[in-house]
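There are two complexes below, and they share chain A, which is joined by chain B in the first and by chain C in the second.
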Partner chain A sequence: MSDISRIDIKGVTKLYGSVKAVNNVDLVIEGGSYCCMIGPSGCGKTTLLRMIAGHEAPSSGTISIGGQDVTHAKTGSRGTALMFQNYALFPHLSLTDNVAFSLRVKGEATEARRVKAREMLDRVQLGHLADRLPSELSGGQQQRVALARALITNPKVLLLDEPLSALDEFLRLRMRVELKRLQNELGITFIHVTHTQPEAIALADQVVVMDHGLIEQAASPREIYNHPHSPYVARFMGGQNVLAGKVESTSGDSASVTTADGHRYDLPSAPGVTPGAEIRFSVRRDRIHLSPDTPARNGLTGKVINTEYQGTFVKVALDTGSREEFIIYLPDEAWFARPITVGETIHASWEPTASHHLKGTNNSAGAPLED
Partner chain B sequence: MSRSSGRSSPLTPYLQVAPLALIMLAMVGIPLITVLLLSFWQTDGITIYSEFTWDNYAQVLTSPVTLTLFLNTLKYAALTLIATMLIGFTCSYFLVFHVRNLKWQIGLFLLCTIPFWTSNVIRMVSWIPFLGREGVFNQALISAGVIDQPLDILLYSDFAVVLTYIHLFTLFMIVPIFNSMAKINPNLIEAARDAGASGWQILWTVIVPLSRTGIALGSIFVVTLVMGDFFVVRVMSGGQSASVVSAMKNQIDQLFYPEAAAMAVLLIVVVLLMVSAILRIVDIRSELAK
Partner chain C sequence: MSQATQRRGLGFYLLAAFFALFVIFLYGPMLVIFILSFQGPTGGLTFPLRGVSTHWFNDLWTSTRYGDLGGAFRRSMVLGAMSLAITAIVCLFAGLAFRKRFIGAGPLFYLAITSLVVPGILLGLGISQLFQLLGFRLNWWLSGLGAHLSWTLPFGLLIMFAVLNRFDSSWEEAARDAGATPWQTLRYVTVPILFPGLIAVALFGFTLSYDEMPRSLLTVGGRNTLPIEISNMTTNVTTPALYAIGTVTSVLSFAVIALAFAGIALIQKRRARAK
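Up next is the complex of A and B:
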């Protein structure tokens, strides 16, 4: 189960009037992988998903599934199944008939399709409710029905449009695990649209970060998290501080950068980091040390404006005089060994390797969702 | 809002329904009871005696005319129901699923109501110059060479009666069907398409079942309106056909009030049976509560 569920998207554009909802997107999703598309609302992720499902036709470009061009193939005949955000269960049909719907329109006999639908309901642990109507179920149960209805067609690709957004926190985490388990079991491609960063990081083999109809970065979660392509990706995925400065000099594998307010930082050298260049770079929030006394070389100074205990770490926000807060995730032992009070001025420092040069130019703030 | 209004006495709900209940009692309840009483009273054709008798019912139920009248009226109701259902469903489908723009929807919907700017009588009578022997339609057909002789069945016939009913009552079908169709979540149609359903399959498996409340409500309107009509039958059939109510009207004209009352009670029973049959197929109350 790999190549037949591989998806190739080539030069796909979707125009709504003169608005480019999706702008010349190229993307390869490996067969049998779990792909999460993430971005703020209006970034084009849902439009891209709907084009893969066939509910929208691209204005230009091609989409192939398993090497077959399905750009204009009929919805429902291209090996995809879409699970809708609000589940879109048929309110007039029992769970069995909801799940059996696609078999019914294919002309399967009533008894045969009901048996198959019940098996599928058993698989999502709802066999005992087979004769109920969707309105008699909880949100989590409705979602399982939607999942069963999508899977009964044996799709090559399962498309999920914000599947967990209507659930409460507890259920969301449980369903997240279940989705991942199901994907492992079935071995088919899952494409999951979300706007929640932890969800994407936790589930995906491949994360596709989008903004304004463009793919900013498509890579493994680890790559996205550690080596964000642009300031936008760094901010949107969270866990990073973004700083800007001018490259002073480079020597071997490190470069020296000066910010507008005179701080100097060391940075691992990278292509594009040449003397005189204006660059932006990110610093991992959890790789920063705090010291109350001496300003360190590779660091900055700021006033603590907020501290938040998060269980395993403490989030400390510094006002450094720039527009963006500088945020530090401090291990809880370090924090409780020497608690920091709001209003205190402290010095933060980090190893040069905690910094990463941001090649991309998209500097928009995104909508970083803090967890 | 003051707190005291929240602490209502157990009488409050009764007081709230009292005005409507009183109006219904005065306008519907009392006349109905009068009709019911009258149907059991005696008459000699001139005077009515307030003495109990089964004669009126015996008369109505044993007369072969009654069955003919009911069958004729039911035929009108069935034909009108089928036609208004088809037209109403099609119009609503067009308005809801093809005219996605709300302004256009409202505009076209208002267009449907234009015939209601004039009275029923004028709308009905205006068919006469159109359908008549020397009417617009016959002349157009003759001058187009389709026929040599004018068609007689167009006016003063069952055709004319049913056509007029359809014209008068289709809107009563469009409104409730439009209403229940507009509530269908568009995602459901996409979900059906995603499952591989064709346009017809979506229509039959999703849209029709989800519009059934509207279809049932519209059917109740149309059936009760047709069953209760006498004027359209009288004018458009040219006096050649009769319905239950037009026969009743004749009896009243001849001052056979108790017999007409018995016929009225029978009609109410038949219409109630029809409405409860519709309600048995579609549970309107539970659907409306959603």
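Up next is the complex of A and C:
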């Protein structure tokens, strides 16, 4: 981990009129790590990225790269390179001249910069198209040119604004692998803005989940997935059910919770809660199994409203009388051993360890793409 | 949709006939003037043609009956060229500025459009009054140019808006991100990408100025521009020389446009080769 590409964001706020696009954000991104910023549109992730790139100035707070305060440093002189969502390739320049652009504005001689640009194009396997115009390329090729153009400046930090959103599913998965490999090879910091959960989970060393200009949680993908901070994170990252109830009793760190419909649940780790408090907790959808009759604790009963075969598992949606669907991921063997029909009433239960107390208060619905 | 186009109804033929009439109405008169300008030496202003000759073109150059036609033509070309350059440059920067919602952008825009709407003759009268009030002499290259710009600038600005509509400002951001200064961004990215649109703006600047008449009448001072000169000729010249001048000026207008397009093609070809 290199410290020259470490990013420290301290108390950064961005105001548009009276709207806080980014609200007093503190974040440390380790040098040489792959960081994914994720959240619904309008959550401030792109604004934060653009402030790191220098395309927007923070209303207050500081941004440092490698220990150096770059809050008001000029774009293009702070060691960052931004890859734009639509790639923003210059339509009037060949690929070579697109990639060589930053060398041109630095005053490097024509031949020298073109040689370097061709080397960079070779690196992204586009050397044979060096004389083409961007409009003659496919989406995936354009993206590789944008990548080459960003990397030729030898940035300490590469910023990617939804880099994969314009590609089809197949290319997206391939480019995802290439991005990760490139980051390993170069050892520089990548900051990748996305609204796709599997992308963030698959790529990132650090996932930053944002909502309404605030960072809800910044942690490793495993931590985010297993210990979401708030109901919002649990819903947005997907794979979880969120339940609410009143604390009945506590003992040590564990707590016993009763929901409005009378079900009882055990939370093995809920430090700091007091009896009588209204709390929320999440249950991993893949840790739930069916039980033959109404479970006494840590389970519920509901009517099946939808089933969806997913290849390795089956997604079963239950109506439990609350506003949110309760979803179970059943292993496919369990499903085919005893198929369930829509309209049937079934019972589900899980181990207390599958329940996770959600400390945060953000209870918005989120908008998981992959539900 | 595709089924509807398989069988053409009455509407299609009616509209096609209407369109044909429109095209005849548009180009018929021009064609008539073009043909009649080759009238024989003894021919008159109307059909039939009495032989075919270039007599009246010759007459234009040699006769002294037509006043300062050469001078008027030269002045109109110079005015057109000045309008072309000023319109292209001012409209480029005005268009770029209007992308930002600066204070007063709305009123300024309506003010610019107003000068398209007011009757040209009144605007010309105003300009000439203002010049007299300030004690300046009316001159085709000063008050005349101003009058022409009051017509070409708002027009060019409207075209510039359309051109900029397809311009993605993330190109400029990408240039900045690569470390380009504002000047480098303008020179290497903004202007080259906008260039074809700028040619269109410049050409409008030229052609609108070249055949401008109402605004010119009271503002060019002692020396006339070509449209005024031709307009005067219609009252006192009764030979096909009148048609000959029409043919010559039309050909020149087309030549200017063709040259501009050839220029664009040449630049693009050189660009393609400069890889």
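FYI, the second predicted complex is superposed on the first by the 362 of 371 C-alpha atoms of A that agree within 3 Å, B and C clash if a C-alpha of one lies under 4 Å from a C-alpha of the other, contacts with A are read in each partner's own complex, and residues count from 1 in each chain.
Throughout what follows, contacts are C-beta pairs under 8 Å (C-beta built on N, C-alpha and C of every residue); 3 or more make two chains touch, one makes a residue touch a chain.
What you see is a predicted model, and the numbers here were worked out from it, not measured in a lab.
Partners chain B and chain C, once the complexes are superposed on chain A, run into each other and clash. Residue contacts after overlaying the shared chain place A:D131 against chain C, while chain B stays out of touching range.
Once chain A of one complex is fitted onto chain A of the other, the partner contacts of A:V105 extend to both chain B and chain C. When the shared chain is aligned, no partner comes close enough to touch A:S18: not chain B, not chain C. Of the two partner chains, chain C is the only one touched by A:S94; chain B is not.
Of the two partner chains placed by the overlay, neither chain B nor chain C lies in contact with A:T294. Shared contact residues of chain A, touching chain B in one structure and chain C in the other: 53, 55, 75-77, 80-82, 84, 86, 88-92, 101-102, 104-106, 149, 153. Chain A makes touch with chain C in their complex at residues 53, 55, 75-77, 80-82, 84, 86, 88-92, 94, 96-97, 101-102, 104-106, 131, 149-150, 153.
Interface residues of chain B, counted against chain A in their complex, comprise 185, 187-188, 190-198, 201, 205-206, 209-210, 290.
Considering their complex, residues 168, 170-171, 173-181, 184, 188-189, 192-193, 195, 271, 275 of chain C touch chain A. Partner chain B is touched in their complex by these residues of chain A: 53-55, 75-77, 80-82, 84, 86, 88-92, 101-102, 104-106, 135, 149, 153.
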